[in-house]
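First chain A sits with chain B, and in the next complex the same chain sits with chain C.
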Partner chain A sequence: MGTIRMDRRLFLKAAGVTAGAAATTQVACLSYFKKGRSAAAENREVPTTCELCPNKCSAIAVVEGGLVKKLNPNPENPKSRDMLCARGNAAIKQVYDPDRIKKPMIRMGARGEGKWKEVSWDEAFDFAAKKLAEVKAKHGPEASLWSSTEGFQEVFFKNLGLAFGSPNLVRHPTLCLASVNLAYSATFGTVPSFDLLNSRYVIMSGANRFESIITPDTMDLIGGVMERKAKLIYLDPRFTVTAAKADEWYPIKPGTDLAFILAMIHVIIKENRHSKDFVAAFTTGFDELAEHVKQYTPEWAEKETEIPAKDISRIAREFADAAPRSLYYAGRRSSWYQNDFQMRRAQAILNAIIGNWDQVGGMVPNAKLPKGEFLFMPWDEPKAPRVDEIEKHFPLAAKGDGVYLKLRENVLSGKPYPIKAWMVYKQDPMNAMPDQAKTLKMIEGMDFIGVIDVAMSDMAWYADVVFPESAYLERTDPVEVMAGIWPAVVYRQQVVKPIHDTKPNLEIVQGLAKRLGLSDYFDYTIEQWVEAEFKELPIPMAMEHMKKHGVWAASGKPVYGKTLTPDFRFVTKTGKIELFSQRLQEAGYDPLPAYTAPVQPPDDRFRLILGRVGYFTHANQTNNVWLNEFMKENDLWINPKPAERLGIRNGALVEVASSVGKVKLKARVTEEIRPDCVFMLHGFGKKSKLQSLVYNVGASDAVLLETAWDKVSGNAAFHETFVKVANA
Partner chain B sequence: MRNTLRLLTLLAVLAAPLAAEGGSDTKGKFFFKKTCKACHAPGTPAKEITPLSKTQAQWKAYFAAGKHKKGAEKLDSVLKPEQVKDVQTFLVNHASDSPQPETCGG
Partner chain C sequence: MAMKKKRYALVLDSRKCINCKACAVACKAENQVPVGNTRNWINEARQGEYPKLRIDFEPEQCHHCEHPSCARVCPTGATWMRKDGIVLVNYDDCIGCRYCMVACPYDARYFHEESGTVHKCTLCSHRVDKGDLPACVETCPSKVRVFGDLEDPTSRVHELLATRRYRVKEPQTGNGPQLYYLL
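Up next, the complex of A and B:
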């Protein structure tokens, strides 16, 4: 029996929607098209949800005279509480940025030349649809690539790609946290939250949490540490703000964190300090683990990590003794090395054996809240296999996300089949992906590139057509459940009308769908979508509540221990927490984390390491005028010893060269980095002239980074590049 | 548009043998939410059912038996026969022992 083809009649019958009702509500969305600021002077406060980073804090916009004057935190959200960070406050300048894309634009000169023609929406839609249809007719729908990053309106973009018939959706996780997600999913069946507010002992590897992303759980950690409730052990080749605030900082030899963790597990098991009751009741594979880690002694780990064996042993004992209120924090950072999945697995296993699962101050499975769902007409599944061959090379990775770098390799080789059209939503692969030269080569091979974004990113700069999306303060988005220790349902509603000729992503998708003959799959308005989501919120007058408050958080109190029952089934193959993973073994990977020493740079080179600061977590934030005030240019951190050897003085212009590119940066000669590494900040050296504050200012790390990925998750490995540094 | 849909329907019929091996996850989710969840949701008399309610093997066995209401009626009296494969695909893909790693957003 095969799957049935869905058409509009069948869908409407199944969905119980009348054609008349659907047609009537189509008209309602036209209200978005009104241009300009409100004529009538008005002072009001509108609760909404921030979009400047993935944390999605609740905010209250203060509107005066039709303009957003201020953004305040919304204390009703227990996750974001009474906090709004620098980026959150600066969202106002996303709306009133003179560099914004103000109308749809079609490229006139060569790609990247910057010659554009402003066009009507109809012209932009017609142009893009014609190009997409041509690629589909010549190469099939699978020859189109649909790239996006997370966001409340991402669903519409993904659905357009699927309805078009392409299996090739590729999302941001393999440029972000895919290795963490996969490692914790493989161990616990889920990715938990970390109860930093109540933890008494925290270990962190390379996740510079006090500095790189300032969110409420950062503040919990800072509060915990500063009030001396928690001890913080921090491993990083660089002396960061987090290192400055930690109780102990170890400038670990890069790429050896796994050795440190395995030695900790060795000590805890050898000294019988693990939680025997928890291990017996909820885990599987402990005996195999105990045998496996016998080889990983602290003395062996000292040689690998350059952390003294006595300190590794002491930290292991303290960590186990503080359990269950101790945790090895996964942090918010990307993958650094090609063994990142196994390093994350080791973290997860270490946490598991001390029994911090679902405990106050430990790791807590995310609580969720109910929400309704708009049932849209489903399409036929794309027929072709994915171009990144994810099933063959990364059988355990998230299929819906794809694997970015392997995908680029395959697109450049033209195998297993050609990709000739590239649609991009809210993402800048030019800066997010390592090896910008390869990305440019990929761009050269495209017959068509369309970009949907609020700002003219470097990716948009190289597009054939750019669709300007309304900023988040100008639009209403789908409702989101923020699962976590303090779960909340958040609502992003329009604060002001679009000040330029922009549209929300849904309407851009609908404009394209109409011309591609796919309108039936997008026959709804944002109001209908949101109304369906509100329907299942278990609160009276849900819509009115959400419009008035912007958030619903149930009791707002965390619940611990719900999974600690004998009959609870973890979403794993065995139903237990899998210390030993049969599924990994069957897929050809190490079923327990095994250590291989990383390759170290030769004497004339340095390992390039990256990081973030709280006001520029993402590359698209460096051109925000308020945030740019914090830092106008990035530089290259280099230790005084090699700097002296190379004759490099503080502030001098240096050339940094890898095997794939070179850039020029000012040197910052500092003791705050190991002699074998250099560091630079992400997000500068833009190619787009409509990123005017950072156009050609500083340098982009993407130019230097070589292509390398974690073997299991496919996550880009960002610390595997060696560079030469010399005076420019 | 109507002609296009007719053509697509014809193509689907022709392609049916190729698709017979596996159902559609997307359509399965739709039919599951529309039909099954009408009764098997919180606050309804029937027991709440989600894909996590069974393992992959248990779902396969359930659909092989093809019975509903503890055997009181045939499954295809609740779901149309052509929808059963899609719902089975969705439920097996997202079962309690399925390898579905979590992701960010999306």
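Up next, the complex of A and C:
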């Protein structure tokens, strides 16, 4: 025991906090340049913001002789916790990648054939603008589709789509976390953060936080939960790194997390362990909830989840007893099943009834920091309705983001109207969307496809014109406010000049806008844009500060309990936390999460499950030479029991087939997965020859995944595909 | 004033390692390590049968031994130890015979094809001399590695070794390794 106490004391001391039962762990925010660093004359050290994943960590680029030599973590950003992960460190190789697109390219052969002509920017812009204008003249502006994923320069791309007159912007959330966002919003009116640094009891459903790195959560699981010996309960059909670090791992039967959560709520309410004061003061619908969960006993849940009833009851008790410093972590990854929204809703409700809202070690509504806005000339709102018919099918979903899979169905059917041009920024729908054959069909139906990206993704490979974007180390980008428990304003400034004939997205957008007669809407420079944003940062010499430090984080100290006043109104219909949701009922959904058992695979099939490793981002970075070294090829995880039955040996080539496609890859016979599931990693089996390290190496899960979505959010359901596996 | 004696070492809390490889890439960039070679790595031990499983990760690199066998076998004296305990290779003297690679109990060295010499972890002595941390230590998301001077009683490494149980790898070689793994 002595060593355990010593651990905690040392840690708190290191973090600059005095020990004490109620002390919260704080984050030390040193200044990078106070650490005694001084750049030599021939070297420069430039603060910037990483772009290799969506976390936006602060980094300092070391430049020698005009080349980026090293990226160091910038300790001034409390969210990125003074670290850079493998990807952050490998961003250098994004710039100096021999596979980079070095000039604009126009397709010469058939789509996907890989015959390209390098052209000037004028030629590329003229070509694309002519095609877009043709589609607009023939089918109207709504016949163009504008796909993008998050990024500091995404705003310019979206604005071009809107100014062009298309309502059809479609963004990443419905291939990502739309179900989480919608479920927590429906309950609390906002999506909170989770104070892992100070929590005493954490439950995670498949949120593989040690391999799918989110700042500061991943680091706080170590610095908070592990250091302080808080408890981590982890549910996942696969034995991930997070499972290995957890105190208890349950290989839950896939798709049954909702049963586990409902049974926890059942136990907590039955044993009167909920926070009565909090429930009375801040929530509505508790009586309906209590009545509703009576049916969901731990004994019932054991049959569904394969987690023993006594463990469910014990976890429920421990969870409630540790409140308010306990939390059921929302997760952040893609949705898995068609009931995903209701599963996330149940988590939100469970968190609500133990009263961890806005508490140290609980769920905390995001703090924001102010920044200015650049005012540009507004355009007329697009007139046509969205092609994905979002209002009809997903009335609660975020209109501006669209619903990806429903959109693809409608584009393929040509109803309610045809889509003939597809512009893509920074996204790879070929790998991000399930069912690649369908995406290819969608590509076939287009009169024009234009892609803006740093690398030749599979989507770019099928484009008619590719506009090479400068890498983040070569660009200055808009300023971003990172909301959270430790909010920060981050700035990405150009570190080195572009080494190829590439442009930042804004200039690409302007080049197109000019030829489409939309110049007036984009009549500004990135410097003007950024200056307007700096103006309202409440610090003196904001621009100088941001250029020198790359980040501003106010005091760096979290604030708790701001919403815990009697007159606080949550942004929900009732102004309270909605356990029972009338809004959901009116929209035709279950007002309280109701359980239906998921379909399980027949005996000759497996459920295909997905996941991540810490050194790749989604389907990206597998072609980065410094990261590819850690995994050159993906494989299919299969449990030894079924492998033996099927005569599959470790390392043997197997064929994996679903109803929509089949692939071949090597088998990894491993104990680290349930016998009824198989797993493969994202980002391999690329079709683009300019992803040379992973071109035709391993296999792409997008080929196998079937089209399915969560009923409420429209979020793609990625774990609803059953596959056959056999020796190839 | 006489310079105080220094003895640099790394204390590692392997339980915190999540195998994210940040250390390996940071080293690669900082020390221009060729693709295919590495100066630091993470050992993985996977054991058990479903569902009773365990994975242990253990970051490793040159142990900067007190009595380095690599230095003893070096015919030209290219491998040497600084006064602060950092073991280095003087590339001008290295003839690429690779005896040291065989003598190292930790397999921590590699042959650098381009220069024809043997390379390994330098504990980022060039950064340490400027007062910075080694690249692997600084970048680590879960702060597995603690770098410091064992001779300094106020240092964190000193404190950790004074208060925690630890082990070193292959102590029987008599090399006196200076990578301390907390238990």
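Note that in this section the second predicted complex is superposed on the first by the 681 of 728 C-alpha atoms of A that agree within 3 Å, B and C clash if a C-alpha of one lies under 4 Å from a C-alpha of the other, contacts with A are read in each partner's own complex, and residues count from 1 in each chain.
The definition used in the following text is that a contact is a pair of C-beta atoms (placed from the backbone, for glycine too) under 8 Å apart; a residue touches a chain by one contact, two chains touch by 3 or more.
All figures in this text were calculated on a predicted structure; none of them were measured in a lab.
With both complexes brought onto chain A, simultaneous placement of chain B and chain C is permitted, the two fitting side by side without a clash. In the superposition on chain A, A:L162 makes contact with chain B only, not with chain C. Residue contacts after overlaying the shared chain place A:H172 against chain B, while chain C stays out of touching range. Once chain A of one complex is fitted onto chain A of the other, the partner contacts of A:H549 are absent, as it touches neither chain B nor chain C.
In the superposition on chain A, A:K69 contacts chain C only, with no contact to chain B. Once both structures are overlaid on their shared chain A, chain B and chain C have a minimum Cα-Cα separation of 23 Å. Residues 3, 6-7, 14 of chain A are contacted both by chain B in one complex and by chain C in the other. Of all residues in chain C, only 15-16, 18-22, 24-26, 28-30, 35-36, 38, 46, 48-51, 53-57, 130-132, 135, 138-143, 156, 159-160, 163-165 touch chain A in the complex they form. Across the interface of their complex, chain C is touched by residues 3, 6-7, 10, 14, 35-37, 69-73, 81-86, 88-90, 92, 210-211, 213, 218-219, 222-223, 226, 239, 241, 243-245, 249, 251, 614-615, 625-627, 629-630, 639-640, 671-675 of chain A.
Partner chain A is touched in their complex by these residues of chain B: 1, 4-5, 8-9, 12-13, 15-20, 22-27, 29-31, 33-34, 42, 52, 55, 81-86, 89, 96-106. Listed in rising order, the residues of chain A touching chain B in the complex are 1-8, 14-15, 54, 149-151, 154-155, 158, 162, 171-173, 176-178, 181-182, 184-186, 190-191, 370, 373, 375, 377-381, 383, 396-398, 400-401, 517, 519, 569, 571-575, 583.
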